[in-house]
Amino acid sequence: MGGLSGALNTWYAANNNLINDSGLNAILALSVFVMLACGLLSLASPAYMAIGAYTAALLSNNTGVPFPAQMAVGALLAGVVAFVLGLPLLRLRGVYLAICTVGFVAITQIFFNTWTPGGGGNGISISAATTTWQIYLILAILCFLLWRLEGSALGRSLAAIRLDEEAARSLGIDTVAFKLGAFALSGILAGLMGVLYARLHYYIDPSTFGFDTALSALTYVVVGGSLTTLGSPLGAILITALPEWLRALNDYRTVVNGLILLAVILFLPGGLVELPSRLRRLIGAGARRLRRSPETRG
Amino acid sequence: MLQQVFNTLINASIYALFAMGYALVFGVLDILNLAHGAIFMLGAFTAVQAVLGWHWPLVLAIPLGMVVGGAVGVVLDLVAVAPLQARGSGFLTPLISTIAAGIVFENISLGLFGPDAYSFPTSVFPQTPITIGGAVVQPVDLFVIGLTVCLMVGLTAMLRYSTLGKAIRAVAANRLAAQLLGINVARVVAITFFLASALGALAGIFYGLELQDSISFNMGGSVQLRGLAVIVVGGMDSIPGVMLGALALASSETIGITEIGSSYTDAIAFGLLFLILIVRPSGILGRRGSRVV
Amino acid sequence: MIQGPILAELRDVSRFFGGIHAVDGVSMTVRAGAVHGLIGPNGAGKTTLINLLTGFYRPTSGRILLDGQRLDGSRPHRIARRGVARTFQNIRLFSALPAIDNVLVARRRGTVRRSLGRLLYFPAAARAEQVERDVAGQLLGQLGMDAGSRRPAGTLSYGDQRRVELARALATEPRLLLLDEPAAGMNREETDRLGTVIRELVRPDRAILLIEHDLPLIMAVCDRVTVLNFGRVIAEGAPAEIARDPAVIEAYLGTEDGDADL
């Protein structure tokens, strides 16, 4: 027993950062997921993350506000900003909405680059900490809640909006309210992640909160599976941990990300989370073909 | 003052060429090609490699860059876009697919050329400044503006009068009907990708010619966003709209730099974009519903 | 065929698209307890009329009333909540979801309470959810569908998809049910069965508006028929009267003699 826990400790110590970052990325991925779940592509999550992060930074450095309250404030602020962003954006068609969210991230980055209380372009350090347990506990709670929601009537309504918005409206679903709710939830999740991120890394600067981060988050969701809650953490952990597994390919990490994304999009649109059932179907189809007699084989 | 007009025109030319690539692809496919920025970069790299590495004259390097860019566009279509179109995947999946392809292209470039920034040698163009009115311009500036104008005119004429142009407009207007009329839609789409990417590649070459130390693996990033602002402002599917959008963006940047300072040019681009989208979601000249490239 | 009070009313409703008068000064009343047919050549404005009734379009002029209250100008989902349900000409199911989920989506009673309760495994929420599930299952069963099937609705046969869409519309407990060419693509036998089903849907507090091209179905099933052409009402009355109306015959067949087949 001592050997096992010793080994775990060594493994944990060696991969500390990776484990923490995976957990954080998983939460960020969930933020993108809830938008995709109702059919909207939003790349605004880094902006919400920034709001959470800077909130945590300022509260930690200047006040005695405890950790849970920091999370609440950061998440709430980000959620409100997301909601307000959603109001005008909802009249836009999918592609235009996505572009606007990209623009919003750029504007937010510029804002924080020139915002002196946050250190401007130099960033700011935070005198607080977060543990792996906290991150994963929060992740687990979020995953649980979202998973329960997915199978609920509200989750079904979101799926309906995603699949056919007009038909959903014709059944009495207030699609605008739902989408605004999704915006707010996306903000809350990313804001929460931002608080944790700031406290984990002890330092933040505007360069983290840009388009690249949004693309990474999108990759986690799409690769893991964009149709169900558990796809996002799966994709995040897999892809964040990937360079460790392919240490030789570390330089090519982003290419590998891109290739994986491409492969998944082309061949496995439901994401990796679909892989077991896909394989099962393939094997089943193959077995069926073998069982058929030669005369009837197509 | 006239100096600023020329600066604006140079920027507008590059933006217009680049954004035209978006508009063409969006016209025929209703898809935003987010690998376009990477193609912009590949065009510039091809040309600068030809000039620096193989000592080609610029007059050959430019067409080479355009052809290579166009070819990459076609590959992109065949590998990452067309199969998804066949599956009927909506707008999100092809978008992500092009994003992924763009990442791959960028990193291939990073692997081949490293993270450094390159420039065209000053010897490719005569360096004698020309004075027009109160402005001082370089021959390369006039080349950029002039060629862009010619290409825009040529493109408009081609789309209006040539058989291919009509086929492109037919596919853009109604894909199914075009198919029923016997048009080989897949081929038209591939050709459109070629054209769009060639223009994007040229924009990259111009960008490299105009700015020192600008050719690097991630040069597509900021132009990509500006290109989006252009088509959003001008309308995603109209050529005059793209030109107007490019001028609008370039002008506001020039004014912004003088009034507010250069760190805010991005914010200006997006502020404009937001404003336009909220007031008129289909862009200034875009047409909701019907499509005429 | 007893008909009840007026449920829905269109007063001089017009809808123009630029120069096109899709609907032009249409006035009609739809009574509860009746099946009201709406026929007319292609392009006559029938689907536009349905879109006006569901709030997808706003009238350019005129008023639409439901139970005497103004309907036009409300947003589509509010109109749906007031009891207007429709099926679509080209089926619009949530094809990735199984039939039961398609119908469940339409059950909007207490969705928030059920969902939030589900987060924490509250038994009351589970019970409420089961109630809705039973209702949905019943509706599907009544139309001959297997409620337990998990197959994506998009993989069902055409006829089955139409049934699911009808069940979904009924799940909203509509006062006004708009059926947009439900018999499209059906053979004679299937159409007759559809006719029986439609008659069975009649209730004293519900009106059914049936848009169809299949004239035998209209004749067999409707209590009243309105005929549209070029966006205008050219005839209205009992099916038998409509069949003899020369304006109607002309609209469908032109001025030449031909088999009326009505």
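Each chain gets a letter, A, B and C, in the order it is written, and its residues are counted from 1.
As a working rule, contacts are C-beta pairs under 8 Å (C-beta built on N, C-alpha and C of every residue); 3 or more make two chains touch, one makes a residue touch a chain.
Keep in mind that what you see is a predicted model, and the values were worked out from it rather than measured.
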item: Central subunit by CA centre of mass proxy; value: A
item: Chain located farthest away, centre of chain C as origin (C-alpha); value: B
item: Approximate Å spacing (C-alpha centroids) for the pair chain A, chain B; value: 31
item: Centroid spacing, where centroids are CA-atom means, of chain B and chain C in whole angstrom; value: 48
item: Separation of mean Cα positions, chain C and chain A [Å, integer]; value: 41
item: Touch list for chain C against partner chain A, complex; value: 54, 56, 76-77, 80-81, 85-86, 88, 92-97, 101, 104-108, 111-112, 114-115, 118-119, 129, 132, 168, 172
item: Complex contact set, residues of chain A against chain C; value: 145, 148-149, 151-157, 159-160, 163-164, 166-175
item: Of all residues in chain B, those that touch chain A in their complex; value: 32, 79-80, 83-84, 89, 91-93, 95-97, 99-104, 106-108, 110-111, 221, 225, 228-229, 232, 236, 263-264, 266-267, 269-271, 273-274, 277-278, 281
item: Chain B-facing residues of chain A, complex; value: 36, 39, 41, 88, 91-96, 98-100, 102-104, 106-107, 110, 113-114, 211, 215, 218-219, 222, 251-252, 254-255, 257-259, 261-262, 265-266, 269
